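You will see two complexes here that share subunit A, one where it goes with subunit B and one where it goes with subunit C.
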Partner chain A sequence: MGLKGYAGKVLFVNLDNKKAGETLQWRTEALNEILLRKLIGGRGYGAYLLYHLAGPATKPLDPQNPFILSTGPLTGTPLAGSKFAVITKSPLTGLFLDSYSGGDLAGEIKYAGYDHIVIQGRCAQPSYLLIEDEKVELRDASHIWGKTTFAAEETLIKEHGGETKILVTGPAGENLVPFACVCTDYYHQSGRGGAGAVLGSKNLKAIAVKGSKDITVADSEGLRKFRQYLLEKFKKSQFGDLRVKYGTPYTTTSASAIGVLPTRNFQQGSFEGIEKINCFTLKEKIWISDHGCLGCQAPCMNFVKAKKGKIKLVGPEYETIALLGSNVGVDDIDRVAEFNELCDAYGVDTISSGGVIAFAMECYEKGFIDKKMTDGLDLRFGNADAVAEMIAKIARRDGFGNVLADGVKKAAERIGKESPHFAIHVKGMELPGYEPRGAFAMGLAYATATRGGCHRRAKPVEIPQDRFKYDIFGSEGNAPMVKKLQDFREPVHCGILCDALLRFCFELEMKDIAEMYRLVVGWEDISPPELTQLAERIYTLTRCYNVREGIRRKDDTLPPRILYDPLPDGPGQGKVMGDKTFNKMLDEYYSLRGWDSNGIPLPETLQRLGLTEIVGDLPE
Partner chain B sequence: MRGVEGKVVRAQSMENSKTKVQIRFLAFFGGRDNWGVDLNIAPEATLFEALGKIEKSIYEEIEEKLLRPQHPRYAIAINGKIVPQDQIREARLRGGEKITIMARLVGG
Partner chain C sequence: MSQLHRRHIKSLPEKCSGCRLCELVCSDRHNPNTTNPKRSRIRVEIEHRENRNQPRVCLQCEEHPCVEACPVEAIKIHSELGLPVVSLGECTGCQACVPACPYGVMFFDAERSLALKCDLCGGDPECVKNCPQGAIVFAKSA
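So, the complex of A and B:
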């Protein structure tokens, strides 16, 4: 193909009830060059593939639900923090899912000659997929089935060598826990939404990839200079050095002070034990060394070792400290690191695990459940041993763990009483580490994120008010800000680069993203307005996917506690978001997106964005 | 009775003495982060008065990054709770507070 940066092909694999050693059906298709300018790659192109491969009749754990590994033209180039996305229909929400991960696998997929790998069908027995350039084989996985992610990956690396990059799911994925994750390079997870359960449902323990090809870029000298420009931006960045020195845990202290740190199942926004779980304590007590992703100029991860831990691991990140620290009332960074290791080993998302365990703890303290139901566990907030035990029970679907293993929404339906009031999720996905009552715009960001309760599309809590004029405890300015933040991330998630890095360390703008595509792909005339329209197109495409699944305005909402109860502490103390403020933000947001008052994209919007082919899929 | 009297005596002597607060810098101030100073302040001193006791060059940095901007990218907290920008000058200290200066950053 004429365009640079791309490998040029999509690999389609049909597992088709095959056993290891049997000839596998697979084919490649050239990338559609017209679509590339409209959707680029990564989340955009992956969303297009999912839209056409998995309609409402396909259930998340059906063999036909595709497990799509997507990269973009910037992946594997010497730009900041290459990532890949897993795109599939989520077992947790039943909706569109994109979940990102760093590590070396992202580049390796491209080096093997593919931009996207689409896997459908189900193996007849536990297997793993081996892809080495044009060799695509199914191998026996009986020796790694049931093993932790760490053990399974280690075994496959011993068998294939360190140059082979592995994506693996853990026991939770095998047990179809809908928030099971997939892991790569030991320390990187596509955590959210249950991609691990989709892999497990296919009887596929792992995907091993090794490539021998190169990636060519349009302007290598220009790219070298752009890297220099990034380093200059980094030097001028106000907080890049803090990000590199401490990683994401740096912000736990400020989150608590600002009143947005989820505490005891979102009952509070500040945690009295914050100093025992913040980045400084992490550095002092459990830190070993720094770590970074492929091609990253500003590595921001921490290698740590928990006292009870079996290995050194990367983490715990901000979200893990929030959801498995303050949100379960545990003020011991060593135990939080231990929970992190357990989640990674079993292959469950730390955010959803923390969310559902905190929910159970509140049910326990309110007397909705007792020790008979919890298998004897004293599930009070702060009981670290109980948290560790519950993580294992969830992954194994053991006893009360089986009640929590289907996520907080279904757990509340089963436990009943007043528990749905404090089941903290949006569209079935547990909320991450930002209390929306401390910044109302965060509530709008959660309600309108296409994969459910998600912080990766827009994170208004981090935005200083000198960049956007908005009302922290009102509606003014929130909708345009949320839309703009969502739109900025789209071309980054199509690239695919690390959005956190671009934002925190380099403070990049849309013109910088356009320049990256010019240098790598060779689109000389690509501009910020074109990328903004592309962002609107992809956001609306993923919305159309969800609308086709039945999502409407009533689903774009927040948990009752978040909407109607005041926070007892922090700057947001006593403030209530309420229906009026929330609906005002939502109305304005829909209008900005060109969606009707029920959240359905208007035909003229689809036409403006070049999505006319899907007009007929939507209700009138 | 003796115990009660003792408490009264101690309370009176506190009012006439200076008291301490701790200021910790969790962001880069003075070219380094995660450091702190203990300051003696008069009882019921304001936060602004306490900040004024810090070494001049550091105070100037605080003024530039935190006090002067209408929407600063840094925040100041007393005992872990952020002080709204419009209350920094008037906030009262009783002594023993932990004052934290940090980047106004949230998120992973």
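So, the complex of A and C:
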């Protein structure tokens, strides 16, 4: 194929009730070159694949729900931190899911010769998939089934060597916990939305990939200069140094100060124990060394050892500190690291785990549940032993763990009383570590994120107040800002490079992203306006996916607590977002996106974005 | 002797983050417009569980056991650089040099059947320039 950067192929694997050792059905398809300029790769091309492979009749845990590993043309090139995405129908939300991870696997998929790997069907017995260039085999996984992610990966690396990169799910994925994650290089997770449960439903414990092929780029001399430009951008950036020094936790203290740090199940926006779990404490007490993703110039991950060396992991990231620290009322960085390791070992998302456990703690303190229901656990906020116990119980679906294991939305339905009022989720996905009442635009970002309660498509709290004028406790300017932030990430998530690296460490703009595609793919005339339109196209394509699943305006909302109750503390104290302000933001947002007042993309929008044929007929 | 005599790439594993940017830029430098870590002359040995990252590359040792091991004399002391360099046209891919290297830093490109050895990019090593951590440095031998 004429275009550089791409491997050029999609690998389709059908597990088709096969056993290890039996010949697998697999085939490759050339990438559709006409679509590449419209959807690039990663999230864009992956959304196109999912749109056609999993409609409303396909349930997330059905064999035919595809587990898609997506990369893009920038992945694995000597440019910046590479990522891959898992794209599938989410067991947590029943909607479009894209969940990203760093780690060496991102490049390895492409070195094996594939841009996307699409896995459908279900194995007859626990198995793992081995992909070495054109060799695609199903192997017996009975020896690693039931094992933690760490133990399973270690075993497979011993068997295949360190050049083989492993994606693995843990006991939670095997038990179909809808927020089970997948892990690679031990400490990298595609955490959100339940990719691990999709693997588990396929009886697939792991995917092992080793590749030997080249990735070609259009202009390596130009890339060399561009890397120097990135280093200059890094030096000038406001947060680059801090990001490397402290990693994502560097905002823990400021988040608490501006009142956006979820505390005790979003009852407060600041945490009195913040100094015991913030980035400085992390660095001083448990930090050992820095860790970077494939090709990253700004390694932001912290390798730590906690509890006197008994706990070791890369983390905890900001979200984990928020959701499994302040949000469960635990003010001990050693314990937060321990929770993080437990979640990683069992293979559950730290954000959703923290969300659902905090919810249960509030139910317990309010008397909606008692020790009889919690298997004797004293589920008060701050009880770290109970948190650790609950993580294991959730992953095993053991006792009360089984009540929480289906996520906070379903847990609230089961517990009842007034608990749905403080079940903190959007579209079934537990909210991450930014309290929207401290910055109303964050609420709009959560309500309009394709995969549900997610901060990774737009994070208004990342914008310093002196740089971009927006209304923290109102609606003015929020919709255009959220759209702009979402749009920036689309071509990055098509790349796939690390959005955080490009935004915070290099402070790149759309023109820089266009330049990357020019240098790698060879699209000489690609421009920022074209990429903005591409972003709008992909955002609307994923919206169409969700609309086809029944999503409408009524679903683009926030938990009642967030919408109607004031915060008791912080700068947002006493402020209520309310329906009026929220709806004003939402109306403006829909209008900017070219969607009708019910959140359905208008026919002329589909026409303008060249989506009419891809999407087909949308329901009314 | 040339300017590169007694120079080599030194690695500082305690600084290495395991990002492997060195592998990516090395393969690109020696095979323009191509990225493939399996064609790189520097490799980061990573033990993820402990975040132990060890960049491994030719130490440009004085003894040149690789030169001696090559049955077809495809590894020659470069007249200008003063370093052993693999002559691509002459390497038969027999791999005799690989176990001969006492430091295990003679790599092999299995796809193309070629020995891979660091030539310090002729005096301006690409990996050193691109290492974000300063974990590989262009050093003078003692």
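Assume the second predicted complex is superposed on the first by the 610 of 620 C-alpha atoms of A that agree within 3 Å, B and C clash if a C-alpha of one lies under 4 Å from a C-alpha of the other, contacts with A are read in each partner's own complex, and residues count from 1 in each chain.
We take it that a residue touches a chain if its C-beta (ideal position, glycine included) is under 8 Å from a C-beta of that chain, and two chains touch if they have at least 3 such contacts.
Nothing here was measured: the structure is a model prediction, and the numbers come from that model.
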item	value
Room on subunit A for both subunit B and subunit C (clash or fit)	fit
Once both complexes are placed on the shared chain, angle at subunit A toward subunit B and subunit C, C-alpha, multiple of 10 degrees	90
Which of subunit B and subunit C A:218 touches, first, second, both or neither	second
Touched partner set for A:185, first subunit B, second subunit C, both or neither	second
Partner chain(s) touched by A:312 [first = subunit B, second = subunit C, both, neither]	second
Which of subunit B and subunit C A:150 touches, first, second, both or neither	second
Touched partner set for A:30, first subunit B, second subunit C, both or neither	neither
Subunit B versus subunit C as contact partner of A:299, first or second or both or neither	second
Shortest CA-CA distance in Å separating subunit B from subunit C in the superposed model	19
Touch list for subunit B against partner subunit A, complex	26-28, 33-34, 69-73, 75, 77, 80-82, 84, 100, 102-108
Touching residues (chain side subunit A, partner subunit C) in the complex	4, 76-78, 81, 104, 107, 111, 150, 154, 162-163, 185-187, 212-221, 223-224, 227, 231, 288-299, 303, 312, 314
Footprint of subunit A on subunit C - complex, ascending	14, 17-21, 24-25, 28, 31-39, 45-46, 48-51, 110-111, 130, 132-133
Of all residues in subunit A, those that touch subunit B in their complex	238-239, 241-242, 245, 248, 250-251, 253-260, 270, 272, 274-275, 280, 317-319, 433-434, 455, 459, 461-462, 464-466, 500, 504, 569-571
